[in-house]
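Report on the structure given below.
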């Protein structure tokens, strides 16, 4: 390796790292994600049984992996209560009674009340909706934008590739929390969209690097070269031969990134520039609770716990998928 | 006898089951003698060598039986620290791929000198002087200038010479060379092999030469052990085996050497693939590929039959094999 | 080696201008640069217009950027909201944040690499699994939650540390904040070192080192660790910038008056000069850290040095 290529640099933490928010790529890459199949096992054992595809092989592994099952169930639960929070709470998160502010646990209100006298349990339940929405929408946006730009740069190479790589360098030069403060401090909207927009704006270069790298790897496969030699069109090659092989690393990084985006939203909300009331968000509640932490730690612990479990679930899911897709670790 | 391996068994515990890599290997090497161990990849020849050196990865590897007698001591019963002191000082190993086997971030001088610093307690300065001497001895030009260079700055042949120098550093009594020339250009192969043989004669060392290349063996080896599926299938003095192999597998190997004097013939290849070590065929492991196989080969594991005073063959039909030339 | 350094320096120039331009645009396009200048009230239109002309805000943005950059290179970073020079703010804020960042890096290096080596050599054992789960938890809990909890436990409940750091921010008061700042990166360093060690432990040259009869300690430290640390050093180097950016959160929790605090104030009061000035210096620090990493990389790996 004559020169440390900024694109391929597995530990290029740059923007989305540190500050408790991001670093999905570091996490995904720290095992050296090479998702190509390596043939054969240890010396001489030879291929056992018939060859299986990368995905069915991975699925067979995942079904037996307790980490995957547990994190998958947690995520399923989160998605369900985000769609139908009424399933597990009858109260309204905005229905508050100041007279009960900071009171502890009591019948019907297992987590107690927050500084405004709102039910902490209900707010924690409704907070999931915000976090899941931000996480899912940001990840979709980032994957789409980053995947397409990175994929095209990797496929065509040349000038566009060079330009894109400099542009991502620029984005990686901006610490993400700092960028969030600057970008979001002037936004007055209290919806989730500015936050999602910001995450997509600063998050896409990370996915673009991954997508570019895996497209270049896939492009060098013999069968892709063969398809090219046989005169397959660019579009056909990309869709039929390259995309299916390049998509695995992107999915792994995106899954882990989803968790870190949720964490990032909470961090920004804590700093007062992310989501704003009346949106119900764990970050906002933790920020509000931090003022009362001496007298009423329960206000901090419940939303913080929910946030941590959610982020952990996504990161562990991504971790499990990565292990399953990476034959090197077998 | 310098080294005697007795009934050695090694297995690997993998996710898919237990791979039996070495199944009762016996061989011996005397001072100044060269034993060539032949076999395809997966035949257990390298694993046996690693077990002798004590550098087997455990786990997943496990030595499940046997003895390795070195100067009448069973190495397998020694403590780790005692074995470590034998490595490098009394026995040394030369690996196949010198580029990956040398540390990329240390200069060759540092890597050679390390032997003297660790085992002989020399100062770094003295160790450097000795390193230069060693490099001279393996005929690396301008040794004094190149002692500070890094492995990637040398050619493949020069790197392999450095590996040899490192193995010879403390004048051990046994050298194990695991495919020392396989990664090299054909023209360089002969030079490196010559150097190895010359140093062996000078220092009167025992040499175990692991290879799958019968061509290399003829010139340097005194005797040959052929391995298949973790067993010795034939042992013999080198000249007898070329004249008249006593095992169909050896015969197949010999017939698959391209020869200049037999123009126009198709090159012979042993049919089939080496066995899966997770499921070694019952009876003689070679029977599915053997042109001479009979019913008995599928059921009975052949013992090592005595062909003559110096020769053994693990074939039920060794006589027929010898006769059917 | 010299040419290598020059090439890296040249590559940094577009990144520097791109990044600062991006921040400059964000601040100028999104916010109103004079909003904070008339105290808490809105400026009256006449004053506003006068201020705009004074600061050259009536000119196109690219011209403003060029003027600003021109000033920056002569050491003029403008004036902060309270009339202080931005450079004066920097002189008090940067030493504190640099101290905090250095403490965080020491934690990363000492704890992260140690844990990484220990687990990498014992892959699959209980220690390894335990540390691995711990790193995942640390990565998953946002820094501000970790910080608040540590502040609650150590500062409020047990009284071991002061919950709020004094303005001079001496080293002993910065230890816990430094640990909080380092926490996520520390977990990454642990995982990265672990993977790197575990991968290299199977390398041929390590097998050679064992075959040479070297003591285990020497095999690990001199042969295995030296090679395994190359990616870790890269990570820590690029992490310097992220740490200084992440200091915003930590400094807010522990009320440390460093770069993060000043930036936060600047943003709240919409003071363009402070924000752009501090960010410009941060970007320079980030780029310098990257350059140092590249050089370290070359020192650690002779294959690059002599390429």
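By written order: A, B and C. Residues from 1 in each chain.
The rule is short, and it goes like this: contacts are C-beta pairs under 8 Å (C-beta built on N, C-alpha and C of every residue); 3 or more make two chains touch, one makes a residue touch a chain.
It should be emphasised that the depicted structure is a prediction, and the values quoted were computed from it without experimental measurement.
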item	value
Most heavily contacting chain pair (counted by C-beta pairs in contact)	A-C
Identity of the chain that, by mean CA position, is farthest from subunit A	B
Centroid distance [mean C-alpha coordinates] between subunit C and subunit A, Å	22
Centre distance in Å when subunit B and subunit C are each reduced to the mean of their C-alpha atoms	53
Interface hub residues of subunit C, defined as touching at least two other chains	303
Touch list for subunit C against partner subunit A, complex	4, 7, 14-16, 18-19, 22-23, 26-27, 30-31, 136-137, 139-146, 148-149, 151-152, 156, 183-185, 188, 191-192, 195, 199, 231-232, 234-235, 238-239, 241-246, 248-249, 252-253, 263-264, 267-268, 270, 275, 279, 282-283, 286-287, 294, 297, 303-304, 307
Residue ranges of subunit C in contact with subunit B within the complex	202-205, 207-215, 218, 222-223, 226-227, 230, 300-303, 306
Contact set on subunit B toward subunit C in their complex	53, 55, 57, 84-89, 92-93, 95, 97, 100-107, 114-115, 118-119, 150, 152-153, 166
Of subunit A, residues touching subunit C in the complex	1-4, 9-15, 17-21, 23, 26-27, 30-32, 166-167, 169-171, 173-179, 181-183, 185-187, 259, 263, 266-267, 270-271, 273, 286, 290, 293-294, 297, 300, 304, 307-308, 311-312, 315-316, 319
